[in-house]
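Chain naming follows the written order as A, B, C and D, and within any one chain the residues start at number 1.
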Amino acid sequence: MNALLAAAPALPLHEAGKYVAGAFVVFVAIVLIYVAIMAVRLQRMSRELNELNTAVEARERAEAAKQAEAASR
Amino acid sequence: MRPSMALLRKDLLLERRAPEAIPAMLLFSVTTFVLFHFGLGRDTLSGQLAAGVLTVTLLFAAILGINRLFVSEQEEGGFDGVMLAPIDRTALFLAKAAALFLFLALVEVVTVAAFALLLLGPSPWPALPGLILILALLDGALALVGTLVSALAIRTRARDLIVPIVALPLLVPALIAAARGAAPLLAASGAGSIPTKWLAILALYDLVFGLLAYAVFDFLLED
Amino acid sequence: MYGKGLRALSLATFAAVTATFALVFFYAPLDADQGFIQKIFYVHVPVAIVTLCAYIVGAIFAALHLKTRDRRWDLRSYVVIHIALIFNIVGLLTGAIWAKASWGHWWVWDEPTLVSFLIVFLLFATYQPLRFSIEDPERQARYASVFAIMAGAFVPLNFAAVRAASPFVHPRVLGTANGGLPGSMAFVFVCALTAIGLLFALLVSYEIAAKQTRWQLRALRRRLLGGDAVAPLGRSAAPALGAPERPSGPAAGPARGGGRGSHPAEAAS
Amino acid sequence: MDATPAIELRGLARRYGERWALDDVTVDVPAGATLVVFGPNGAGKSTLLRVLATLLRPHAGEARVLGSPLPDRAWDVRGRVGLLAHEALLYRDLSARENLRFHARLHRVAQARVEELLERLRLGGRADDPVRTLSKGLLQRVAVCRAVLHDPPLLLLDEPRANLDPAAAALIEPLIGRASGRTRVVTSHDPAGGLAEADYALGLRDGRVALSAPAERIEHAAIEELYR
């Protein structure tokens, strides 16, 4: 194995930097993609929550109106 | 043990009454040898190449058998008939694994002969005892893992897709050991001996996956 | 709430990852043989180690699921394997880059770790299709657990077989240079391993929290708007969490296990 | 009749995915009695039989069959129930005799019992043909043999007479009818015929109990109502 390494001597820094950067970019990029997917999911959930909120509010308003009507009689 | 024997006898009887798996595996293997002849552009093979062609062909042929293993149980009302009987569910595992092992062994008698006739360069006779040992261990791996994968796939929607994609990677270690172990046996310079490490890996594989599959098989049947 | 500890874990992960990056580039010494290239080692190897450990952890969770019949273990097993697959891809890509930088080829077959890493990936990549092809959520969970246990045992066995098949064993950086890893390198490596382990745990926690929130939302929707407002479960590879509420309510009979253990509200504790 | 009921169900429930196929089913069946289960297709009749046969685990509630709680002691129940399902549960490429011999081995029953049953159901002539060549009526007769092979104290019958002509129905009557003296759970779509053989009747709709009473207190109309 050392023989093989000797045959492929340490690359000069500017050459090596490309690969090292590549490896770290792959790592960071995948984490960021995951964050983006999370963001999309969060958006969907908050949209759904909004929908439920409106439904509850509508129901409460209807309830209040009904009570007001009953009280006025 | 007795229920396993009854189940095994039933499977053998079924294969005799309506032969499905064995003829298909046989035809598939011999056809694959012909394909390898043209694909590789070689008239005779020896050493690692011969061992690889033989074991990979057997592996693919085994996939056919694994696919069919539980079909007879599934066709008429699922496993219910067997499940209603007061027997251990693992008896079914043992019986199916034994049936698959026997099918594979039977197929290999013909397939190895065909291989020796069609493709193998060196004489097969000196290699035979070692080859039998390696193939028996490989069949053990194929039978144990194959039975579990077959039961896993039988009640999924895409049975015929699930079996190969799950079984093939799962069997890679067994194939590595069998192909590398058989290589010196088929060497052009005359049959060498099998490095013990390959036998050890095959035996370890059989043992570990045999015990594991035996332990988890129950969970595939309860509903 | 199940989000408890998530913030602390997030901060710890952020700190650890940042510190590790700083250490890798400004503190760790240049490797005697490989030079700057060796920096890849600080991301590739920890990712690989964490991935393999995660597969085994996934198998343990799957065994717990079968043992306790508690569907939350199936969820954990699923998420751990899911994130491990993503890490596996990172490991394969960084490994390929390292191979290219060191030996000039994107793939080398005489690197047993990398090869067995590929085989393990191929096996675990079938986990999702398997789940997807089973519609009944209970059976899906059980079958997936059986698969995960087999696959977990496969990881070390496969590694042994591939390693035995390699013509020579490639020395990990831990073994090169001056006959052992210099102390400063070992320190940075341990930091990197911790950071990536924390990152893995964080992603798993996020994913589980997200899944549970979605199911709670679904249950809430069912309660507020009735069963018709909830879209029927489509086919999915992801575990179905909450058992639906029974039309008759849970009062009927002393409920044994049914639906209880897997209720998302209880998954919080 | 025995004092302990052969079947005790308390709030039994079973779901498939998100759908509750059985929900809150409570019923007792004394030993030796016949329970007839009515209900439209998909009401949960077959699911109920499969739970009682230990083929499906209950998801909630309690179930005791022949004194053993399910699913914990399903083992004790297995081998003491006979299930006659929609499918014959026979291997198509084996003959009736081979199928029955196989099941006799699994149940540790003497092979003579197989011959006796083949004789009683007048299957002798076709006993060695593959069962895939048999007509539906003949197949059902073989399936009856399979269900009663081990002389189970509890019979679970899913529309047992669906494919039978009157002669064949009469032939199987001593084995699976009231005269057999076994506890029976029978599903039926036929209000008149079903009520005639029932001690108790259970009506299911969407997995829930819609009707549950001794047979003599039930009118046809109530059963026909189930199917509306």
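In the analysis below, a residue touches a chain if its C-beta (ideal position, glycine included) is under 8 Å from a C-beta of that chain, and two chains touch if they have at least 3 such contacts.
The model shown is predicted, which means the values in this text are computed figures rather than measured ones.
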Farthest chain (mean CA position) relative to chain C: D
Euclidean distance of C-alpha centroids - chain B vs chain C, Å: 32
Distance between chain centroids, defined by C-alpha means - chain B, chain D (Å): 39
Whole-Å gap separating chain A and chain C, where each centre is the average of the chain's CA atoms: 17
Centre distance in Å when chain A and chain D are each reduced to the mean of their C-alpha atoms: 53
For chain B, residues that touch 2 or more chains besides their own: 222-223
For chain C, residues contacting two or more additional chains: 135
Multi-partner residues of chain A (at least 2 other chains): none
Pairs of chains satisfying the touch condition: A-C, B-C, B-D, C-D
Interface residues, chain D side, partner chain B - complex: 53-57, 75, 78-79, 81, 83, 85-94, 98, 102-103, 105-108, 130, 146
Contact footprint of chain C on chain A as seen in their complex: 1-2, 4-5, 8, 10-11, 13, 16-17, 19-20, 22-24, 26-27, 30-31, 34, 38, 41-42, 45, 48-49, 52, 55-56
Complex contact set, residues of chain C against chain B: 66, 119, 122-123, 126, 129-130, 133-135, 139, 142-143, 145-147, 149-151, 153-154, 157-158, 160-162, 164-165
In the complex, chain C residues that touch chain D: 135-138, 232-233, 240, 243-244, 246-248, 250, 252-259
Interfacial residue positions of chain D with respect to chain C in the complex: 10-13, 15-20, 23-24, 26, 58-62, 208
